[in-house]
Each structure stands twice: as C-alpha cells, then as structure tokens.
Amino acid sequence: MDHVRVKQKRDGWNWLWAWANPVKFMELSGRALPWCVGIAVVTLAVGLIWGFFFTPEAARFGSSVKIIYVHVPTAMMAINIWVMMLVASLIWLIRRHHVSALAAKAAALVGVAMTLAALITGAVWGQPMWGTWWAWDPRLTSFLVLFLFYLGYMALWAAIEDPDTAADLTSVLAIVGSVFALLSRYAVNFWNQGLHQGASLSLDKEENVSDVYWQPLVICLVGFTALFVVLLLVRTRTEVRKRRLHALEMRERMADA
Amino acid sequence: MIALLIRDLRLSVRAGGGFGLGLAFFLIVTVLVPFGVGPEEAILAPIAPGILWVGALLACLLSLDRIFQLDYEDGSLDLLATAPLPMEGAVVMKAVAHWLTTGLPLVLAAPVFGALLNMPPEGFLWIMGSLALGTPALSMIGAFGAALTVGLKRGGLLLSLLVLPLYIPTLIFGAEAASRGMAGFEAGTPMLMVAGITLGSLALLPFAAAAALRINLR
Amino acid sequence: MIALLIRDLRLSVRAGGGFGLGLAFFLIVTVLVPFGVGPEEAILAPIAPGILWVGALLACLLSLDRIFQLDYEDGSLDLLATAPLPMEGAVVMKAVAHWLTTGLPLVLAAPVFGALLNMPPEGFLWIMGSLALGTPALSMIGAFGAALTVGLKRGGLLLSLLVLPLYIPTLIFGAEAASRGMAGFEAGTPMLMVAGITLGSLALLPFAAAAALRINLR
Amino acid sequence: MNAPADALVVRDMTVARGGVPVLAGLSFRLDPGRVLILRGPNGSGKTTLLRTLAGLQPAMAGTMSQPAEAIAYGAHADGLKAVLTVEENLRFWASVYGTDAVEAAISGFNLTGLRSRAAGNLSAGQKRRLGLARLLVTGRPIWLLDEPTVSLDTASVALFADAVRAHVAAGGSALIATHIDLGLEAEVFDVTPYKAQAATDPAAGGSFDEAFL
Amino acid sequence: MNAPADALVVRDMTVARGGVPVLAGLSFRLDPGRVLILRGPNGSGKTTLLRTLAGLQPAMAGTMSQPAEAIAYGAHADGLKAVLTVEENLRFWASVYGTDAVEAAISGFNLTGLRSRAAGNLSAGQKRRLGLARLLVTGRPIWLLDEPTVSLDTASVALFADAVRAHVAAGGSALIATHIDLGLEAEVFDVTPYKAQAATDPAAGGSFDEAFL
C-alpha cells in the first residue's frame, strides 16, 4: 500500500503518525488525557484566581478589566483552532488519516464555543466600556464572520451522512473558507476603522498592559490552550468511538444482509 | 394528521439542521446589511426593525419550496392525496411544521439580532411580539405559494415572485408595529392588523392551497 | 462545452422566466426595503448602493441550488460525469449560464432600481460597474457552494449558510466602491479588490467545485 | 349492471392526459376477490387511467362507482423518504391510514433485515419492495398498481404475487398495469382497442378544447 | 490474461457502497463483440459495480483496464430534461460526445412520432426509450446498462435487443444488469457468489474503517 512506503521513509516521524491510527490514538490519548486535565486545571485555577482576585482594579476600567482573563484567551484560541482545523483537513486530504479528519470535526465544536465565549465576554465588557453591547468594529466584526464560518463548517458536517464524504467536503470547505475568511478580515478593516483595543501582548509596544495584568494573563493563555487540548482529545475520542460503532454496525449488516 | 406533522419535523431535523438553519440564515442577513450600508449606529438603529422583518421574511422564503416540492418529487404527494386525510389538513400541518422550524426560532432569537443592529433594548419586546404574531401568516401564505408552484421546475424564484407581493401587507404592518413600539409611539393598530392578517390567512388559505395542490397533481 | 451552456440557457428560458425571474426578485427586494425602513429619501439614498448589492446577492442566492440540483436529481450529472467533458469545464459553463441569467440582467437594470431608491444619478455608473465586476464572482462562488451541497436534501438553507460568508468580501468591496463612487470619493482600490476577487475565484474555484462534485457523486 | 356495492365499476370512461384524450369508451368492472391485469403498449394510457381511477385527475367522460375510501394507489414513484428508515416510512403511512399492520408488511416483503436502514440507502429493488409493502399497511381493499414489479428480481416478484394472492383471498381486489407475466390467475384487460380517436364527431364523448374547433 | 487492448478487463475487484464492501473478488472480461448479462438478486451490488466501472466511484480493491474514453453508462435514471423536446435532449448529448447520430437514434428507438414532444410529457416507457436512444448518440463502444428494459413493453424490449445486436455486430460490447430475459445471445455473469464477507482478515481486500475495529 502506498502509505506504508511513505511511513518507512519518514521513520523518524513514526511516533507522530502512529497517532493517526485510531486504535493507537485511543490508547495514547487515553494515557495522555489525565495529564492534560491536570495541567489545565492547575494553570486555569492559578491564572484565573490570580487574575480575578489578586490584581488591582484599573483606574479607568474598574473591576470589569478582569474579564480580560477570559476574553483574550478565548479570542486567541478561537483563531488558533481554525488554523488547527485547516491543518488537520489538509492532513486528511493528503494522507487520509481518519483521526485527523475527526479531530478537525471535534475542534470545530470547541472552536465555535470559544468564539461564542469571546463574543459574549466582549459584549459584556463593551457595555460598561463603550456603552453598547455591540459595535461594528473591525475586530468584532471579523470575529462574527469567523463565527459564521464555524457554523457553516459544522452544518456541512451535520448534513452529510457518509463519514468519508463529509470529511472530504468539509476539508475542501475549510481550505476555501480560510482564504475567504482572510479576505474578509482585510475587507472588514478596509470598511471600518474601529474602537477595539490594539494587540496588547506585542512585546515591543510601550502601550503594553502593565506587568501586574500581564503575568496572570499568560498563565491563563496556557490554561486555555490546555483546556482546548483536553476538550479536543475528549471530543475526538467520542468521534472515534462513534465511528467505531458505525463500523461495527456495517460489519453486522454485511454478516446478515 | 399529527403523524404528518411529526414526520415533517423529523425529516427537517434528520435532513440536517432543522431548527438551526433558519436561524443561521437570519443571522447572516443581519450581518450582511451593515456590510452593505455601513456600520454607523445612527443609520442602523432606525432601520433595524425593518431589516429584521425583511430578514425573517427571506429566511421563510428560502425554506418554502421544501414544503411540498420534495413530497411531489418522490411521489408522496400523490399518495397523500389519495390517503384518507383532508388535503386542507395536510396543508395546515405542513405550514405548522414550517413555522415551528423557521418562524418560531426567529421570534425567540430576534432580540440578539436586534442588538447586533444596535437596536435599543426597548424595542426587543415589540419586535418579538410583532414577529410572533406575523410569522404564522408568512408560513401559511408561503404554503399557499408553494402549493401553486409545486411541480414547476423553476420553483425557487417563481415562488418568491408570487409570494413576496403577498407578504407585503404583513411586512408593512409588522415592521411598522415594531418600529413604532421601539420609538415609544402607539403601536396597537398595526399589531392588530398583523394579528388580523394571520387569523385571516389561517382561516382561508388552507382551502385555496388545497385546491391549488389538487389542480397541480391532475 | 458550449452545448452545455446553450442547454442550460435554454432550460432556464423554457422552464419559465429565465432572465426575468432574477430581475423580478431584485425588484421586489428593492421595493420591500422602503416598506421595511420607511420612505424618507434622506434615509434611503445613502443606503441605496448597499441595498442594491444585498439584493443582487440574495437574487443570486435564490437561484443557486438550481445550478446542479436538478441535474443531480434526474441523473444527468452522473451522465455528464462520465461524458468526455472535463468536470471543471462543466462547472465553469454552469456558472456562466447562471451569471447570464441572473447577474447580467441585474447589472443592466441596476440604474432603474437605484432610481427607485432615490439614488443620485452620479452613482449609476458606479453601481453598474461594481456589479459588473462583482457578480461573476458571486456566480462562481455560488457554483462552488452548490457543488458542495448537491444531493443534500436540505439544500436551500444550508447552501445559503455556506455561501453567504464567502460572499462577504465581494459585498464589502462592491458596496464600498459603489457608495464611495457615488459620494465622489476615490473608489479605485475597492474596485480593484472586487476585480481581484472575481479573477481569483474564476481561476481557482472551478477546481474546488469539480472536486466537490466528484466526491458527491461517489 | 348489477354489481355488488363493493365492486369498482367503470362505465364508458374517457381519460385524458395534458388535455388530450388517450383512452375512450372504457367499461369494465373489478369485483372483490378478483385481479385484473391492464395491458397495453407503452404510451397507451394505463398510467392515465389508473390516476383517474385513484381520483387524482378527473375523467373527461363516463362514470365510475366504487365503495367509499376503498382505493390504495401504487404509482411509478414510491413516495419514500430517503432519510427515514424502512420502519419509519411504513409507520407513517400506517398512521395516516389508521391501521396497524406494519409488522405484517415488513415480514411480507422480506424487509426484516432492512428494517432500520434509511430508505435512501436501499437498492432499486429494495426500494420497490418497500413501496409495495406500503400497500399492506393501507388496509384498503382495492389496489391500483402501476407496474409494481419494476426492478424486482424473480424471488421478489414471487413475493409480490403471493401478497396479491393473499389480498385477493381475503376479499380484496387489484388492478395491475404491467408488461410482464406475474404468474397470477387473473383476467386481462387490454386497453389497446380503446385508443382515443381524434374526435370528428363532437358528440362522441371527448370534448377537450372543442369549443375552439 | 492476454486481452485485446479494447476489452474491458476486471481483476479481483472489490466494490463498496456507503463504505461497506458489497461484492469482492470479481474478475471478468468483456471482449468486443460480446454481451455480458449481469445477474443477481436485488441488493446484490449490480448498480454499485456498474457505477464503479463507469468511473463514478473508486473501487475498494482490484484493477480494471479498458480503452480510453470507451464507456457509455446508462443508469437507473435517464437524465432527461423535461422541458426539452426528445430531439433537443438527444442533440445535446450528441454534441457533448461530438457525434452526429441523432437521426439514427430517433428512428432506432421508434421515437419519430415523438420527436418534438417535451420529454416531460412522455409516458414511462417512452422516456425509457429516449434514455436508451441516448446510448446510440454517444458513439462509445462499451455500454454499461443498469436494468435498461424497466417499463418497456415487449415490442420495445425487442427494439432494444435489436439495438444491442447491431451494436455488437459493429464491434461494440455491452454489460447489462437485468432481471428479465432479453432474448439476446450472451454470457451470463452471476454476482451472487461474490457477495463480500465481513472481512476477518484485513489483507483480504476490503479495508473499510477497519482501522477503527
């Protein structure tokens, strides 16, 4: 078979591609999961508690500033997850590793939740800050667009019955969609210059938020990343099990048809 | 007849989406409009109720051809017509199923979309109320239009063309009620008109739609 | 391949309407909006280019599922796939046929509808130009969406959900070009962007669409 | 004619398709316990006749009498919902007709193994079997069937013939348009001689658009 | 196998539907001038096999060799456009395949009288005849036909058999899935013994979703 040869060529990467075998994946992820859960719980607890209770209230922002510890990490994760889905889709299209397609499907669910969380925390924050729940600021708008892309991607997964067909088509959509999502981002920036904060984590800018806020924020970022990994593993494992059930049903049908 | 309702709901859930799709479409329309007309709150807020009503109307419209077309194509409509089920009842059930999957979610989600269009919160109840009263009429009128065009290959656009003019009174009164209510004016009259249109449609259109179906099957 | 184009045009003319339907829908949307948002010129004129663009986009959308769905249902798509005709070519031809029956009439009629929305005459050329450059992209992107969803029973709304986000850049630049041009500002950049999107879509999407079709026929 | 009240009696009927009469002067009767096979070359008007009898289109002339709510119609198309399972499809029709014969129908057409498969995933012949099983859940005595055995293999055709025999034995009747031999004991009614002539005499029965002639 | 270059040769093929292998280990060949009848009960996988050979879906295992651009596929559905006339439908396919055999096809399937009728207004059998006439305008040597005689009356079946005979005499070949007897001199290939078994041995060919088990 074709991919056997490829595997031999890349001996050094075998440990990675081994994950692409569903059975192997279940085994490895089963062992990794508790560790990930541990890391996520600890970092999140430290980051959020530090952020919420042990940082001073900002002069201008009041205590509402503390929402930043949820808002920023979820917002960043929302973008990163889309990128991860794109990569997973490409892997599926090129090497046809089932776990990769299922991971993309699983990630979409987490991604849409993160996007929604960023939107909602943003809206909750916007109310005291800008006096409005929503403004058509480019950053906010492009987030809404990202949300739409997530919705479309998930709806396509849901609408197609055959799992491989669904994986193929959603991968094509993820690729085309990424191009258009990027385009929309530029379009939105062109269309309206807005109210939203610039990037405040860039290291060279002097307008950086002061260290007191910065340190717990970094920990929260790590925590949310770990949380994503946990959720991704759990969801992917569910998808693998569902697929396994499907395969068993099919086999049974072949036996008695 | 309940069996038909259950079947239709099940079909729309199975065939992907069900309740969510209409909502998602509604969301997209409300997002598109600011892209077209610009982001200024001063422009958006006053037109918000109108946009929401137009969006609801389009979301209904896009799902209309599914009311009878699929049943026609796979032959179920012939079989339903020969079944011991008054055609009028079948029409009503199909309109109800359509409303449950499209109209109702829109009513519930309207405030969120209103907020997106910078609508002041005072308007939320009004938009929900006017949509709740008006969307059943949209589904029923739509079912009538779908019955008229079932079996025509170019269904989609023709259907819209037939149905949109019929939607105009509902739209005018509905949007008027919502925007008057939002602005704090008296909105009872347009609300009553919307309710009247809905009641009238529900009382009369099933017969017209059933007649149209029978003619189309001939 | 020209045969396919001719067949599609003939089908859309025969099956009722053809060029007229898209136009009529466009007309109705432009008529609905004043009903929804109120008739004041001060409100309407500035949003006119945006409304026209949104209307064009919705008119395209409504006719999209016809691009492949009918051919899929009656088995022609299977037969076309086994015919000596590159799938990419078939996709392009279908997009062209769609543009000729929906996009082109809209471009030509835009000034009339602009006038209905109290748009100042200086804007006419701009709206025509931006639509002329942008609608081919709408048809091509739509063909891609239609290829993704062909064969899915709940096509209509799902298709919209997939396609509308892809329309956003075209819409933004197109409407921006038209309204800047109308207001006498520099509009070259957004025009160029629209043209770029159209060219890019025409160059790349046929391949994606053909791939999607092949997967769906499998 | 002194037919029993539960017979389907057709007198002097003219049926039309697209405004054009295709069969004229048809008279026949279908008594309980009998099977009538409708024959005729392609395009002779069998489908048109069956649709008229099922009440889907009006007859151009002639009368027909039949017991109330007695007819079950099986068309060229099966009316299956691709996303519903075999069982759900049948249950739906059972509840429309207010009967409860789903299990009998499933086993009668050998669908037990396919019971929870989505109808869209069946092969052509399996779909057809499901379409025929629908007849059993209607509980109606008079079956009007339009080429019921299309796509069926020989075993399934035999299954169908058995079902018809059982139906007839229970006092039902069936009018079946078909081109093949079903192995049923039945009368044959050939529609070929009844082909409608271009009506030269306006009084002759057909009257389509004659006002324009 | 030393097949002539213009034969359709299938070796050890496994075909799958919806991810499930339905037929495994198929090997056969179809030489020019021959007709091969595909038999098998409903749901045995004939349609799946034909679609695979036509290139509409990938085979799960095995190889197939065939001359380039040689296959014309006739499916369960006819792919007719209801609003186009009989002649326009055929002309379209003729120009897709770059041939000019419309008149021969029309007369070959006795469609002369229906030439300018919209395809949507034909009866079931007439539609089928038009679908078969399409094969003649493809000009392709290998026909893959899925139950071509569905809905046809005996006269039309004979017409079809004649068309196949003429095609074969001219060096063409045909693979026909059917349940009825066409009166053609032909080999019969029964797919029943090739029913795919639940693969216990992954190397056996089928490999669907096995990674998950």
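Structure notes:
Each chain carries a letter (A, B, C, D and E) given by its place in the written order, and its residues are counted from 1.
Quick note on the criterion: a contact is a pair of C-beta atoms (placed from the backbone, for glycine too) under 8 Å apart; a residue touches a chain by one contact, two chains touch by 3 or more.
Just so it is clear, the structure is predicted and the values come from calculations on it, not from any experiment.
Among the inter-chain contacts, the highest number of C-beta pairs connects B-C. At the far end from subunit A, in terms of centres built from Cα atoms, lies D.
After Cα superposition, the angle needed to carry subunit B onto subunit C is 180 degrees, rounded to a multiple of 5.
Averaging Cα coordinates per chain places subunit A and subunit E 47 Å apart. Mean C-alpha positions place subunit A and subunit C at a centre distance of 32 Å.
In this assembly, the C-alpha centroid of subunit B lies 37 Å from the C-alpha centroid of subunit D.
Subunit B and subunit E have centres, each the mean of its CA atoms, that are 45 Å apart. Residue positions of subunit A touching 2 or more other chains, listed in rising order: 145, 148, 151-152, 155, 159-160, 191, 253, 257. Residue positions 15, 152-154, 158, 161, 164-165, 168, 172, 218 of subunit C are each in touch with at least two other chains. In subunit D, 76, 82-83 are the positions where the chain touches two or more neighbouring chains simultaneously. Residues of subunit D that touch subunit B in their complex: 51, 54-58, 69, 71-73, 75-84, 88, 92-93, 95-98, 134, 138. Interface of subunit A with subunit C (complex): residues 145, 148-149, 151-152, 155-156, 159-160, 165, 168-169, 172-173, 175-177, 180-181, 183-184, 186-188, 190-191. Partner subunit E is touched in their complex by these residues of subunit C: 3-4, 7, 10-11, 14-15, 71, 74-85, 217-218. Per the touch definition, subunit E reaches subunit D in the complex via residues 18, 40-45, 47, 76, 121-126, 128-129, 147, 150-156, 179-180.
Looking at the complex, you find that subunit A touches subunit B at residues 123, 132-137, 141, 144-145, 148, 151-152, 155, 158-160, 191-192.
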